[in-house]
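In what comes next, chain A is part of two complexes: it sits with chain B in the first one and with chain C in the second one.
Let's look at the complex of A and B:
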């Protein structure tokens, strides 16, 4: 599961929807195995498009869970939506974001809802968000 | 300021397959690029459609990703015989202008025939034909590999019968190629050549057409809640969307091995950076955060033929009372990595109601939901299409099979003010499609 996906997943228990604690999920850093997939190429224009919908506070939260506390406190801002007009610093930031959001893959791991405490697992890079009958 | 820009006449050469979907595709692509098309002379029975457009760029945008067309040409003339064609070209008011613009460009001639069977011409005949266009006075060099301009002579035949092609063309059309369609992608995405597929994989051509009608576009988000082996996901990735899917059946989305799964299909098509993830998830217990805007939802829901219709929960709740307290090795059983939750059947009507509700909450205004629905043909009962008060049913395109058919239903989210008719919560299907399918529709 890509790091970017952690930015879209909340707890699947319906009664958690009213709680602010059901997103993002809390990732157990000691049990998450990360792999970098360098074969995925950066498409800068595409990534700029996607960034609009990224919740940066959730990025910071999950990154901290996984041991990275060096991210900037605010979502990077780009001077243009046209890739050719970005300066070198901005292009470097975009590459870093690609490594973090797209190339970082959680191969095995577990995460917990901060509201209800339910635990979800990631196996072979695929998250399982199914629920037992008493929570369904 | 009024725009009095001169429009040009173009010829759209289309394919005569899936004609029930063709106009929907052309309209959807025109809408995607804000192109105004007058469909007054459009006919499903003809592969030719003459249109007036502002420019070549507009024509290119409109047709470059189309599946159900072959190409679009700048129109130069047409006639019942080659002689008539030449007279037509010479009499066009624009012809001197066109001759001047392309005079020095490298060029070549191509030939298309509609229902003419195999090539009836020798090379010598073709050269003679090309020479008959000498009055156009092209001075550029002939370049068969990368000609700047490609001129095409399209010959139309009337077949003698379904199996016997006509002998002589009954109509000739001549034009300059502006844009070929995206039809070659049908070959590229052919299931026969796809590394990972399954019994529920959806054929390439209609997957791509579905994406066009659903207006899947670059940099947008596309979600398939019944992803299976990811047929719609690879089609959506081809059109540049960030695609993600879920399925309650983990086996399908896991694939057979690390080299034979949905992710490896994206590698095969060189679209890996368009693929987000697939998740094992019950669509009706959705884990996508509710404020995430999803531009397009495209899917083929389970209909109980090859896959059962199930959601999370116990079929017999009494049997599961207290089971949440079971512990294994001091751990709650349901919190263990190897726990497999139970599932219960659900009616198709309820599942589709959920799908429409979800779409109305997650799609942006004007975002599209498209899904496939099968129906039996033999009943004299009108198929009842599910409706939601926020969603406009834009297309209902039918693909006929022998005893059953399936339709692509396409909805546009118009928001609460749309106030359209609704039929949720009602029992729409009178008989179970699965039962009818296995009783051979008798």
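Let's look at the complex of A and C:
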């Protein structure tokens, strides 16, 4: 599963919906295996659209879980929405974000809900958010 | 006519693309321009529930529906369906698009109000009850039942999705849902308007053997 997907997944337990701790999930860095997948090419316009939408605090939280604490505390802002008008520094930031959000795959791993503590697993790159019958 | 994905997989494990799948593709093709206008210049988050073979999600990627800049999530309970969806995407050279399969019961694991386009070919066949989730991945027949049987009026699963549409979809969100005549779709859509203020439009319908199938678009004009 791609890093960016962590920005959309919350705990499946219905009663956790009212808690701010059910998103993002907390990824266990020691158990997550990361692989870079370069099949999606950098598309600056796509990435700018993504950035509009992402919850940056959740990006920071998951990145820190996975051992990356070098991200800027605030969501990067760009001088233009037109790619050609971005300066070199901005283009470098976009490249870094592409590597992190789109090309970083969690192929094996586990994560838990900070509210209820339920643990979910990622196997063969596929996250499993299905609950056991007693919690569903 | 837009190209249809090439699908080759083990139909003892996942639902084989049939009349209903193709009708759903036709509905999405019919609305391609509408969707493009609706989401232009932004990101669209797409979620297909119950992708089975992956034909619909792959079709969406191949034809850049709703827009080129989309994220695709394929959500299924059936682990075989998720593997097959990845495989079908690959067979059709769609690795360059952003798609992740997620094993989940409907949208319960997605953040509220983040999905812009929801597509669902549900288990719509009326049955005494919706089968329980099989205890093992190897109980192949039971997984297939889960793709078909929809409980009372075939609506048990679809109704959960409809009742949660307000939480699931973004403010611009749209859903395409397939029905068979025995689901009583005309009554369902009236109730959706009355209970939740969702507008709907019949996009396509077709007689398929002894079934009459239809695809409705649910939307809110804002």
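In the analysis below, the second predicted complex is superposed on the first by the 136 of 136 C-alpha atoms of A that agree within 3 Å, B and C clash if a C-alpha of one lies under 4 Å from a C-alpha of the other, contacts with A are read in each partner's own complex, and residues count from 1 in each chain.
Just so it is clear, a residue touches a chain if its C-beta (ideal position, glycine included) is under 8 Å from a C-beta of that chain, and two chains touch if they have at least 3 such contacts.
Quick caveat: nothing in here was measured; it's all calculated off a predicted structure.
Annotation: superposed three-chain arrangement on chain A; chain B versus chain C shows a clash. Between chain B and chain C, B contacts the larger number of chain A residues. By the touch criterion stated above, A:92 is placed in contact with neither chain B nor chain C.
In the overlay built on the shared chain, the residue A:40 is in contact with chain B and with chain C.
Once the two complexes are laid over each other on the shared chain, residue contacts for A:9 go to chain B and to chain C alike. When both complexes are overlaid on chain A, the residue A:102 reaches chain B and chain C alike. Of the two partner chains placed around the shared chain by superposition, chain B is the only one that A:134 touches, whereas chain C remains out of contact. Of the two partner chains placed around the shared chain by superposition, chain B is the only one that A:119 touches, whereas chain C remains out of contact. Only one of the stretches 8-16, 26-34, 116-124 or 134-142 belonging to chain B overlaps chain C in the superposed arrangement, and that stretch is 26-34. Common to the chain B-facing and chain C-facing surfaces of chain A are residues 1-2, 4-5, 8-12, 14, 17, 23, 39-41, 43, 45-46, 49-50, 53, 102, 124, 126-131, 133, 136. Chain contact summary for the complex, chain A toward chain B: residues 1-2, 4-5, 8-14, 17, 23, 39-43, 45-46, 49-50, 53, 55, 102, 110, 118-119, 121, 123-136.
Of all residues in chain C, those touching chain A in their complex are 41-43, 45, 68-69, 71, 73, 77, 79, 82-83, 86, 95-98, 100-105, 108-112, 114, 132-133. Chain contact summary for the complex, chain B toward chain A: residues 218-221, 240, 242, 244, 246, 248, 250, 253-254, 258, 263, 267, 272-274, 276-282, 285-290, 292-293, 311-314, 317, 320, 323-324, 334-335, 337, 339, 341-342.
If you check the complex, the residues on chain A that touch chain C are 1-2, 4-5, 7-12, 14, 17, 23, 39-41, 43, 45-46, 49-50, 52-53, 102, 124, 126-131, 133, 136.
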